[in-house]
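For reference, the structures are reproduced in the following blocks.
Below, subunit A partners subunit B and then partners subunit C, in two separate complexes.
Moving on, here comes the complex of A and B:
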């Protein structure tokens, strides 16, 4: 590697607190090397902390600002930033929270972080125009089974053993806290309409079918699999609901079965 | 494909929705959805005074190593709150 790369590696090590300050650091002006690096380090941590607070506003509300600061600091000490975009930072928070002892009293926190990360990615996902439904006139009915429905890039499904959709909604401006954590799990559908990220609950059969579609299954294949497992699955309502949420952006025809 | 009729009905209803246009599409939002617009968080300089550069050079962020307990809206969730908040050591004790 070249000299600049080596020097930057040493400096990065300084910022992460792992190495001795490099003698090449220019300390001739206002600060000693140690203090200069500490300024940089504090700003580095502060920016990452703000990025986490921006991506996880409900986690911050759930645990309070003070606890969130500590949690963020512990996370940052384990996870460096590897993207020039701060909105890429923080993907591992859900995994981190699973093993984070100080938050053990809040077992739903990790799943809430997964949901918030999905919302965060949804917000920054590329735009896609909703499918013009009249285009289905171009498809012969015997080809319906081979339809591959294309899903909006902002669309995510997050399943949890806790009522994560209710918890999410309680933290919106019009939300109310009437949540019993023992009521069971919920499956969240995350989607963006215009610039607004929306979270909605999916039933088990809807989610089963939608997961198949998102994995690239053809319409017939996904519907058969879901009806085998959930005989009461209502394809018509599910398709209409998802169309109204702007989930469908396009379709193509898969190979004939 | 044993569910041909199911598919025909479902795509048929999508088509019908498409033919009557977007006004009806909006009406099919049967339930209230909550949405949130996020603020961008990609400034390289933090807006918060706490990280605002040289003035805080000698502040060590690692110093305030308190035994923190979650003290947020988690208290409002039935069965999900921590009750130990009042056990935190107070100043002067």
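Moving on, here comes the complex of A and C:
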């Protein structure tokens, strides 16, 4: 086992690093060992690049195919893969783009990558049936404050100083291409309904409340915190709107405080 | 432990079910013998899984994994195996297969199918992992021979001998990729006849056929071309020695129209039927 580990570690180094003498391999092939290693090196980079292109189609459209290839190459040289499932690769692209000098002229790129990653995860998230609204009627009103709402595994919130929801919509098949970047930030809610991932805008108070719920706060606690910051927050409308979007899958009653 | 391959796929030609064809297949329900899908593409839920479940209503499904890394020195990923187990429970596939390769060392994952030295120590290691996977899944696993671009000087047996031992000790089956064998013959000077003789015919549960490309004299298993004439010839030889088995046309790059895939599958079907007579 140790010999296997040692030999494959050397092979791994060959794939990740530059060509180097490799006595591990039979040199009697009609092509050189370096060519064999180069095939594996190309496979490694190509598979990760395809994974990035699959997860970030809007980033690729925004920067163009050629720039995206360069960006992907630079990202892959810094970020190895940690999962045998290629759909798990590329989570760090948003952070990477924040410090990526060649893309500095597109300041919204990092936030768009965060939104696209949320959509990518939403697409592959496990299934969960939406909560039937009638179940709320089975809760005694004095228990409302203690409700712990369970959020669908595909649901994510992404906030940005840029109009990321508008940019996302512009890159959908029926999108429009008139975006005023100066119009300010948007908060995106990513959801999956009938297997289709969609993005819609949340208001600040909705997002504040929803973040509290997603952090595991009870309904009363999250609502009080939001009302403190946003006195006009409408709990009932928000709860029902999110229910209509399939955000809730279940609820339990938290301990009485 | 030395039981025949227990594959519930019909003994006809099938095709790899890939994303560009999902909609057409579900809309038109073409006459396909069976379909094979890459397991990892359906981990999780949502649209991918539901597409596969719809296909499952009309076709026998084979789940073909590319990520288990049966020979990796690192510990087998419980998360990965759990995801495969869940998928098998939901899909109830006719066959489940993985590759005889590694993909993880020291926490670094290579999303590729990598060769390893065929040593006795590696055999012990792979035996215990295949046994564990079969125990968790509660079913037989088919293990596929690999296409390689390098071979290790430390190998102590051929790949065919390695697979034969693996079958003997775990009761797993073999997914015989005829194109992979051809690639190894051309790249590494592997003896095709020795491979065919070495593996137990009764354990072969499925064949794969695909096209390759050539880079700097090296045949690369790219699955982006029609099956090469030499591979058809080798397939006929394999059919003659081992007998007809469910046979898959794999196409993963530059994926052509569904009709092209079906025509390739038909070529395999004709060869299987011609061979049926020699096994009748």
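Following the convention adopted for this analysis, the second predicted complex is superposed on the first by the 250 of 257 C-alpha atoms of A that agree within 3 Å, B and C clash if a C-alpha of one lies under 4 Å from a C-alpha of the other, contacts with A are read in each partner's own complex, and residues count from 1 in each chain.
Quick note on the criterion: contacts are C-beta pairs under 8 Å (C-beta built on N, C-alpha and C of every residue); 3 or more make two chains touch, one makes a residue touch a chain.
This structure is a prediction, so every number in the text was calculated from the model and none was measured.
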item: A:105 touches, of subunit B and subunit C: first, second, both or neither?; value: first
item: Touching partner for A:159 - first (subunit B), second (subunit C), both, neither; value: neither
item: Touched partner set for A:195, first subunit B, second subunit C, both or neither; value: both
item: Larger contact residue set on subunit A - subunit B or subunit C; value: B
item: Which of subunit B and subunit C A:148 touches, first, second, both or neither; value: neither
item: Contacts of A:91 with subunit B and subunit C, given as first, second, both or neither; value: neither
item: First (subunit B), second (subunit C), both or neither touched by A:31; value: both
item: Touched partner set for A:60, first subunit B, second subunit C, both or neither; value: first
item: Contacts of A:227 with subunit B and subunit C, given as first, second, both or neither; value: first
item: Touching partner for A:5 - first (subunit B), second (subunit C), both, neither; value: second
item: Touching both subunit B and subunit C, residues of subunit A; value: 30-31, 35-36, 38-39, 42-43, 47, 51, 85-87, 123, 195-197
item: Of subunit B, residues touching subunit A in the complex; value: 1-4, 6-11, 13-15, 17-19, 25-26, 28-31, 33-48, 50-51, 53-54, 56-62, 66, 68-74, 76-80, 82
item: Parts of subunit C lying in touch with subunit A, wherever the complex brings them together; value: 40-41, 43-50, 66-69, 71-73, 77, 80, 83, 102-112, 114, 116-117, 119, 121-122, 124-125, 149-154, 187-189, 215-218, 220
item: Sites on subunit A touched by subunit C in the complex; value: 1, 3-5, 7-9, 11-12, 15-16, 23-26, 28-31, 33, 35-40, 42-44, 47-48, 51, 80-87, 89, 122-128, 154, 192, 195-197
item: Touch list for subunit A against partner subunit B, complex; value: 30-31, 35-36, 38-39, 42-43, 45-47, 49-51, 53-55, 60-68, 70, 73, 85-87, 102-103, 105-108, 119-120, 123, 132-137, 139, 141-142, 144-145, 147, 167-172, 174-175, 177, 179-182, 193, 195-200, 219-220, 223-224, 227, 235-236, 239-241, 243-245, 257
